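The two complexes that follow have subunit A in common; it is paired with subunit B in the first and with subunit C in the second.
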Partner chain A sequence: MTEPGSKFRKKRLDRGIKARADTIFAVASWREILYLLLPRALPAGFLLLLPLFLDGYWEKVLVYACMFGLLALSWDFLASCGLFSLGQSLFFGLGAYLAGGLNYYLHWPPVVTLPVATIGGGLICSALLSPVMRLRGVYFAMVTLMLPILFMKGIEATGLLGGTHGLSALSPLVHDKVSAYLAVLGFLVCLFAFRRVINSDYGLVLMAIRDDDRAVMSGGINIYWRKSQALFIAGSVGAFAGALMTHHYQFVGKSVFALDYSILPVAAVALGGQGSFAGAALGAMILVPLSEALRALGGLRIAIYCSILILSILTLPEGVFHYMERKYQQFETKVEVR
Partner chain B sequence: MSLLIYGLINSIILALYTVGFSLTYGISGLANFAHGALYILSGYTAWSFLNILGLPFWASAPLAVIATALVGFLFYWVLLLRLRGIALAELIVTFAAGVAILELLTWKGFYGIRYSLPLFLRGGVEIGNVAVDYQRLFVVATGILLVILLWLFVHHTKIGLAFRAMAQNERTALSIGIESDWIGSLSLALGSALAAIAAMVVLPLGVMESTIGYEVLIYALAVAIVGGLESTLGMIAGSFIIGYGQILAARYIGAKWMVIVPLAAIVLVLIVRPSGLFGKFKELEERV
Partner chain C sequence: MAAQGPILEVRRLSKNFGGVRAVHEVSFTLRRGEFLGVIGPNGSGKTTLVNLITGFVKPSSGSVFFKGAEITGKAPYKIAGLGLARTFQMVRLFYNLPAYKNVIIPLCSPRVKRLRGGKYGEKDDAAIDILDDMGFERDSFVPYKPAGSLPHGYLKRLDLARALALRPELLILDELFSGMSMSEVASTLPIIERLNQEGLTIVMIEHRLKELFRVVDRVLVLNFGMKIAEGTPSEVMESDAVKSAYLGIEVDVEAQAG
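Presenting the complex of A and B:
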């Protein structure tokens, strides 16, 4: 296509409808309303309808996808204030064991254990990780990587909380459809809430901490307090996923601290694109059904996630979502370089 | 007495785990989360040279060390070169590559009693009234020798001095003609080789399993956090604290509490001195 000697570059321009619809706020036609609404309402509506049509195995896959979606969202939230976690299974596992333990030993019903595990999990996470927050760089990743593995070994070695056998025969949620809807609703609420929060003043402070923490400190804001709030939010989201999973399967064992729950959310964010939450959600919705399809390969699955992770970081660093967003909102032309 | 000796052996083993990781991080600021995977990979490489090609162990061990160094070197040029400076991406890629290696090894069926490396030295000796086999003494000797050699290397050879220059200030190092990519890849190769050397002397004490890879990574991280990431003195101190702590816990509380020691040590150190016991060098930068 290109003649030798002449060079082209890509030129990107916002579509007119985007400029009218999201900067001028004069939404005048159905076309513009749909332009804004469809990308948000279609996936959400689709997810809400899905549990009605699925049952048995694929319903479980849907719940699974929402769990991982929640973990990926919580990862993305932490990353947007500069904390890179390699141990989402810590949040997940704490929530799962809290809900399981309260139900097993104290016989509290799921209506109580779910909120208690959500809040309690968040509190424990921010308390456990608060010493690390004072450090920048890879320290946070290192400590979060180690904690779940040490928890797993601790439970294995000391035999507390059911030891290697785990706690079984926990009370189920009323019906499978209830847990499916709880998972989907939790996921959607979390997604849209995070997208709002990150654009509010509160979210701006969090992102500023990521970009330049000293500047935020000099603005008279206590960054450790903000970071522990962010940890609490992210921890609660992860713990909610864990608690829901516990009651859905009526079982909790040391496998909730397994590496899957740490790797897959990171892979989902890397695939979908960081920073927009929608990318994290999209990544989880792609990866989890894919991994179910790969279930026959057994142990090779994690190796395949990791390869996807590496490939997507190397080839499409912005992520699938940002790529799609660009195509939706801008058009590209080739311009000759003179 | 046995407490003293076995604590020393345990500490030296931990130091061997950590030395490669801490060296790579200290020089190029690259946290190599594939460290444990490279450790176990070198074990399997040596095993393959030994049992498939039929080489003797004294030849296959150095070959495995060289092969692992090469893997680390290529790892830098193929994957990490495009991501230099993006801490998050570096971390995710090294970690993912490490997990991929370990899971592939498990999937290929590399576990079980069949897979173990032979001892360099058989037999044992009694020190005081404690029986110690020669291999464990060999581990201690190797550890001490390695630390001394490394110290001489980074203080008295040209490449070693270039390493230190990179660690202190990458831009200034560049401006006097030290190529940072070249040194970075060499540091990763050297770190991998050190992991392989540790594997060659420590692995014969037990069987090989890919879960050991995670364990090595975790202990290396624990020691590095306790001692401070970039200081050699801190690394040694960290491994002695955790090493003796574990043996004490096993003796007086019960063997199952051994795994709690690194966790407790990390939490305590992070509360008291977040940059590690000897990590003075970067304290101001990291402690924000």
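Presenting the complex of A and C:
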């Protein structure tokens, strides 16, 4: 019986399997195996099958979504150790120009340029940003925002690396299906690897640096070395996306340093939810196809796109992924407040 | 432990924040295995002295030697890696992590790897062992609870556990007992005493003089950033400079310190 005017609150309970242990899953039945496996296997399997059914335009959209997914994952990884980047296009552009330049001037095949651009891009990123690693929050963000602009204007003004025209007629990746699968595989590997790393002791130290760097230093850990490692990893992921894009479009131009590649990954993370990587991935997978689907609307496209983004952040500030995860992992019941 | 020279030597260490002399020309030496207390009224420069020694603040002048090697102005993680651990007056913990995960962070340091013969080993178990020693019962839920949900006394001991995880040779405790209840102090003090008896050199900054004087070998008194007295607890309490600093009797402090 409830009295009139009494208030209710939601009471949340973890489903049994989650509560059993923090680190060890004692899996007892098929039901529980599926409970754990399906949320991971279903989206992964879906993405892996997708390139078989898509052609032409929508295949390009898939590759594009994976690119943004990689940039969003890279952003989330940096954010997990307290480095807030507004310059994802720096990572993206460095990878794109490394692959493009090596292919255009030295005629190296994509089999070589992709790994070289990935590793080289990561190294250059950590070298460029090492001097500003000591900066926190908005100061670090400002520097990362400036660097891609510096590169873009430098290429524009000096005419190096093709100047404003860019480098065209680069080697393609054998077949469009190959680049689609490289994008999807790279995206999935990065997603699951990041989720694993952040739950290891290595990830624990990274997150501790975000929470309190002085406490980590007093534990005898060189936080600057750890941060430059994180920069290398995040830079490599972004550079891989850029290199893949270069060969997919067989072109690289100064637009790879554009603000879109810096801001949209942040928007994807804001939509999907920060800190879990799955949120960043999901955000990118929603945002990119959505923006393409809205093309039919013509002029109002960007306005509607922005409205959807604002609404989702207002209604689900925790992020779409965290909302879904909560619904999946927990029972909710209404309890009367006395 | 064989006594081979002082473990810590501080020479004419000074720090000015603008016009404020936070620490002024402080010198002292510390033997291996010694238990030194540092006392002084609020704002007398005790915490700044700790920050100067551990590298969190760069000194304006003077030098610090640890195990015979100069560490003045070195990065905090390097100094910690040499075996000089500290706790914080305002505990700096990772509140959303389980308590034992807090202790894992120093266990990930190169120093611990080196001391364990190039292997990190099972860090979770090692962390639980250290916490059990600090009174976090192994078989209870306490080590697994988020640090933020623990009472203040536990947080202070968790900070201590984290410093000990580094296997330090010198431990600096910055007001470990502040905010602790009488019973929490009573249960923590024996742990500190035992650590010292096992050979750990300890510098303890404290406002609770009664507890401090019971355990320390020697006391250093600071006022307005200057060392005004040094000696055994009873010697220090007889000093006029100390009486004036604590009780406000007019005494020429400069002359006493000189």
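In this section, the second predicted complex is superposed on the first by the 304 of 338 C-alpha atoms of A that agree within 3 Å, B and C clash if a C-alpha of one lies under 4 Å from a C-alpha of the other, contacts with A are read in each partner's own complex, and residues count from 1 in each chain.
Basically, a residue touches a chain if its C-beta (ideal position, glycine included) is under 8 Å from a C-beta of that chain, and two chains touch if they have at least 3 such contacts.
Model, not experiment: these values are computed from the prediction.
Undergrad: Does the superposition put A:Leu204 against subunit B (first), subunit C (second), both, or neither?
TA: second
Undergrad: By the touch definition at the top of the document, which applies to A:Arg214: first (subunit B), second (subunit C), both, or neither?
TA: In the superposition, A:Arg214 touches subunit B and subunit C alike.
Undergrad: Scan A:Thr158 for contacts with subunit B and subunit C and give back first, second, both or neither.
TA: In the superposed model, A:Thr158 contacts subunit B only, not subunit C.
Undergrad: Scan A:Ala79 for contacts with subunit B and subunit C and give back first, second, both or neither.
TA: Only subunit B; A:Ala79 stays clear of subunit C.
Undergrad: Of the partners subunit B and subunit C, which touch A:Gly298 in the superposed model: first, second, both, neither?
TA: First partner only, subunit B.
Undergrad: So in the superposed three-chain picture, is A:Leu309 touching just subunit B, just subunit C, both, or none of them (first/second/both/neither)?
TA: Touch partner of A:Leu309: subunit B, not subunit C.
Undergrad: In the overlay, answer first, second, both or neither for which of subunit B and subunit C A:Tyr139 touches.
TA: After superposing on A, A:Tyr139 lies in contact with subunit B but is clear of subunit C.
Undergrad: Determine, under the contact definition given at the top, whether A:Leu147 touches first (subunit B), second (subunit C), both, or neither.
TA: First partner only.
Undergrad: Quick check for you: in the superposed arrangement, does A:Leu173 touch first (subunit B), second (subunit C), both or neither?
TA: A:Leu173 contacts neither subunit B nor subunit C.
Undergrad: Touching subunit B and also subunit C: which subunit A residues?
TA: 214, 217
Undergrad: Which of the residues in subunit A come into contact with subunit C in the complex?
TA: So the residues of subunit A touching subunit C come out as 22, 201-202, 204-205, 207-208, 211-212, 214-223.
Undergrad: State the interface residues of subunit C toward subunit A in the complex, per the touch definition above.
TA: 54, 56, 75-78, 80-81, 85-86, 88, 92-98, 101, 104-112, 120, 123, 144, 162-163, 165-166
Undergrad: Over in the complex, which subunit B residues touch subunit A? Could you list them?
TA: Touching subunit A from subunit B are residues 31, 33, 79, 82-83, 87-89, 91-93, 95-97, 99-100, 103-104, 106-107, 214, 218, 221-222, 224-225, 256-260, 262-263, 266-267, 270-271, 274-275, 285-288.
Undergrad: Quick one: which bits of subunit A touch subunit B in the complex? Just the residue numbers, please.
TA: Per the stated touch rule, the residues are 79, 84, 86, 131-132, 134-139, 141-143, 145-147, 149-150, 153-154, 157-158, 213-214, 217, 259, 263, 266-267, 270, 298-300, 302-303, 305-307, 309-310, 313-314, 317.
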